[in-house]
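Each structure below appears as structure tokens.
Okay, so subunit A shows up in both of these, paired with subunit B first and subunit C after.
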Partner chain A sequence: MYYYVVVGIALALYVTLTLSLNIITGYGGQPTLGHAAFLGVGAYTAAMLMTRAGVSWWLTFPAAFLTAALLGLVVGGASLRVREDFLAITTMGVGFVVVAVFQYTPWFGGVMGIGGLVPPPGVDKVALLLIATGLAAFTALVSWWLERSWAGIALRALRDDEAAAEAMGADTRRFKLLAFVIGTGLAGLAGPIYAVHLGFVSGPDFGFHFSITLLTMAVFGGLGTIRGAVAGAVILGLAPEVFRFISDYRNLVYGGLLILMMLIRPTGLLGVTSLRLPGLPGRKGGISRAAP
Partner chain B sequence: MTTRHLLEVEGLTVHYGKAIAVENVSLAVHEGEWVSLIGANGAGKTTTLRAILGLVRPTAGRIRYRGQEITRLPAHARVELGIGYVPEGRRVFGDLTVEENLLMGAYRIRDRARIRRNLDRVYHLFPRLAERRQQLSRTLSGGEQQMLAIGRALMSEPELLLIDEVSMGLMPIAVSHAFGVIEDLHRQGMTILLVEQNARKALVRASRGYVLETGRIVLSGPASRLQQDPQVQQAYLGM
Partner chain C sequence: MLLQQLVNGVVAGGLYALVALGLTMVYGVLRILHVAHAGIYTLGAYLGLVFYSASHNFPLALLGAMALGALAGYLIQRLLYQPLLGAPPLVPLIASIGLFILLGDTYRLVFGAQTLAFRAGVAEPEPYRLAGVAITGTQVLILAVAAALLAVTWLVVNRTRIGLAWRAVATDLEIARAMGVDAARAVGLNVALGSALAAAAGVLVAYHYNEVFPAMGDVPAYKMLAIVVLGGLGNPVGTVAASLFLGLAETLVVAYAGYLLPRDAIAFVALIGALMLRPQGLFARRGT
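So, the complex of A and B:
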């Protein structure tokens, strides 16, 4: 029983993180290769506040959101200045920097990280599972709201064709920032749960590998849809449990899946065009986008 | 004289890197006019339109709208002033439904009732779009996408419509339909600045025209006179 609860918490965190990444990359079309770093910022915020300032675990949630979103705002600012391919590198770099800062700053516990993080009395693993699931549901709700709002339409439009969106009168810069702030802030919210679930935080845990895992989940499930992000997170989150016997080759399997997906089904398992039956008018990809 | 100018472009020069795309172009569009900008591929027509809308930054020159200098305004602010844009190659948002595309066009209007009214107007103008309002726009035919691009531009209630290569990649019947719509809009008072390779179609209903060649204006005048001009006839009308 305990095993299922622990796996359930991990899955709920994966769903939250993949959904939040989907807001930036799926809706806004902005590649991000350092998403785990924002979880790290949230987790470290919780860990620092709890161990250094004795702040209640509950109160670390808003703080984790704010710190992650603030860093997200900075990275989002970079997205206004660089092209998509450079943004991928930039976000990757931010991920490395965040990990390095945690790892090499004694104030953050250095290589040992911060340990001894326990949930408040009354919050056992089952309660933690409920809280994590609640956060996943909240993230899905935010995504759902975003899809239907003006901001959501504008984000999808700018993902399609930024210059055309600009020509419609949409201030594309504002929406990119919004996507970054909401997406990274939600990832930060997962931090306090992560921190007490594992009991310790350590810089390298939020590194490139984790970020790529999240991106793989989003792409595998289908960028740009809630169902895709959830499916990707659950399936790829469960895979290592189911395929424990190949655990040494997990990276190989992940990488292979990503390549296969790009070749066979670039929109992902449950992506934007997935609910259309073959034969019906679907993805034509024929819209002319001649260079101006 | 100046009060009748809706749009004035003065000495516009645009570089892409070191290459010069448009050099010292001056043109004016009066209220209610239909002005066509013709020229061969790469003559700088699209660049001129994009500079007027604010999608490229000119290296020199001034752009005025209703007498107000807009050279440094961002594109979204120019849309708000009343400039609508039908881009080359339609560039509808493929992952958005027809209706969402139209809503994007009304982006600057926050009043729901007005958006509703504009939607009704566009659906009235293009019943095909009304039938397909929930369809992803990438699944539309080229002609339907062109209607959507025009409809989307109309959603912002423009006074001046910039139209880029409306005939590009369309079947002749769709081209005729698109030009028919533009004629109707013009008759109802819309000011139009149209860029087109198909000089015959572009000049037939236009009030005035400009001929661009390698980034410069080489000829301008009433459309009827341009149509009679031997140079234009030879180079652009295939006579």
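So, the complex of A and C:
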């Protein structure tokens, strides 16, 4: 029973993180290769507040959202100046610098990280699972709202053709920043849950490999849709549990999946055009333009 | 002391330049961020190790690793990148990242996760001393090989027909094709040469530090991307300049400012700062 609860918490966190990445990359079309760093910022915010200031775990959630979203605003600001490939490298660099700062600053616990993080009394693993699932549902709800709002329409326009979106009067700068702030803030919200679930936080855990895992989940499931992000996170999150051997060949499997998906089906399993009958004309999705 | 740091910095910069130059050449003709380039670098180190332990002949090991590295690079662009040309930049970038982590795991499965010694039982000879500067034979070797390879690359790019074809393809693929340039062949040779350089760097690093391990390409993978962006993507001269700059900056910062930041994060701090000031890279040509 305990095992399923633990796996459930991990899955709920993966779903939250993949959905939040999807807001930036799937809706907004902005590459992000350092998404795990924002989870790290949220987790460290919670860890620092709890251990250094004795703040209640519940109150670290808004703080984690704010710190992650603030860093997201800075990266979003970078996305206004640099595009595509340059932006991809910049987000990767931000991830590196964040991890390096956590790892090498004694104030943040240095290489040892911060340990001894326990949830408040009354919050056992089952309660944590409920909270994590609630956060995943909340993230899905935000995504759903975003898809239907003006912001979502503007973001898709921006993703499909930035110059055209601008010419039609969409304030691309504002919507890019919005996508980054919401996406990174939601990733930060997962931080306090992550911190007490594992009991400790450590810089390298939020590094490039975790970011690529999240990107793989989003890409495999299909960028630009809620169902795609959820499917990607659940399938790839469960795979190492169901097939034990996968955890030994994790990068082999993930790498192979990324390559195959890009070559055969860049829209992913359940991406923007996935539920449309072949042959019907449809809206062009940003990433699906590659599909022959 | 300063002179010693300068020597160390130039050696590091020369190694960066070998890897980064291939990356920037690939970007020039394909417009793809070739993250898997660092996988070729690691492949070069392993191939060099295999050849060296079989023959105990370093030049032979170097050339063998370069030849097979070139072949691997050619196959990657033929089987993975050519089919993805014309896709949005995110698609080949993700494919390349996928290939990179797949290669890393493949090396782990084939050669084992442990660190292998390159020069088993052969100790590093005493360094040469000149005016208080200690320089090891390996450092001399690295400088000589790097300088020779960079010079050859410069000649190929600027003085041969194939170099002309690369520059034409890099400027405008369609027009180059219309003018009769065999673009597929030009791109294939370009990636092959770039990969040979990365493989050579892998052998040199493996020899220098006397170790080969599956994840040895991880740090270079990210750092090289930072360098080619700093150098203005697709600009070979800027890339070599950025490599030397970074090699020196890292060495000097670590030597004189202490460990404010880990050595490997300096590249990204410099990168982010530079990109905010000049979004097209430090050494980007005007109008591109």
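Just so it is clear, the second predicted complex is superposed on the first by the 277 of 292 C-alpha atoms of A that agree within 3 Å, B and C clash if a C-alpha of one lies under 4 Å from a C-alpha of the other, contacts with A are read in each partner's own complex, and residues count from 1 in each chain.
Simple rule for what comes next: contacts are C-beta pairs under 8 Å (C-beta built on N, C-alpha and C of every residue); 3 or more make two chains touch, one makes a residue touch a chain.
The structure presented is a predicted model; accordingly, all values stated were derived computationally and were not measured.
Contacts of A:P121 after superposition on the shared chain: neither subunit B nor subunit C is touched.
Applying the stated contact rule after C-alpha superposition, one finds that A:A165 touches subunit B and leaves subunit C untouched.
Once the two complexes are overlaid on the shared chain, A:F96 sits against subunit C while remaining clear of subunit B.
Legend: residue contacts after superposition of the two complexes on their common chain; A:G224 is shown touching subunit B, with no touch to subunit C.
Counting the residues of subunit A that each partner touches, subunit B and subunit C differ, and the larger count belongs to C. In the superposition on chain A, subunit A positions 286-287, 289-290 are in contact with subunit B in one complex as well as with subunit C in the other.
Across the complex, subunit C is touched by residues 25, 29, 31, 33, 78, 81-86, 88-90, 92-94, 96-97, 100-101, 103-104, 208-209, 212, 215-216, 219, 249-252, 254-259, 261-263, 266, 286-287, 289-290 of subunit A. Residues of subunit A that touch subunit B in their complex: 150, 153-154, 156-157, 159-161, 163-171, 224, 272-273, 281-290, 292. Subunit B contributes residues 46-47, 50, 53, 55, 74-76, 79-80, 85, 87-96, 100-101, 103-105, 107-108, 135-139, 142, 145, 152, 156, 168-169 to its touches with subunit A in the complex. Here subunit C touches subunit A in the complex through residues 33, 80, 83-84, 86-95, 97-106, 109, 218, 222, 225-226, 229, 233, 259, 261-262, 264-265, 267-269, 271-272, 275-276, 279-281, going by the rule given at the top.
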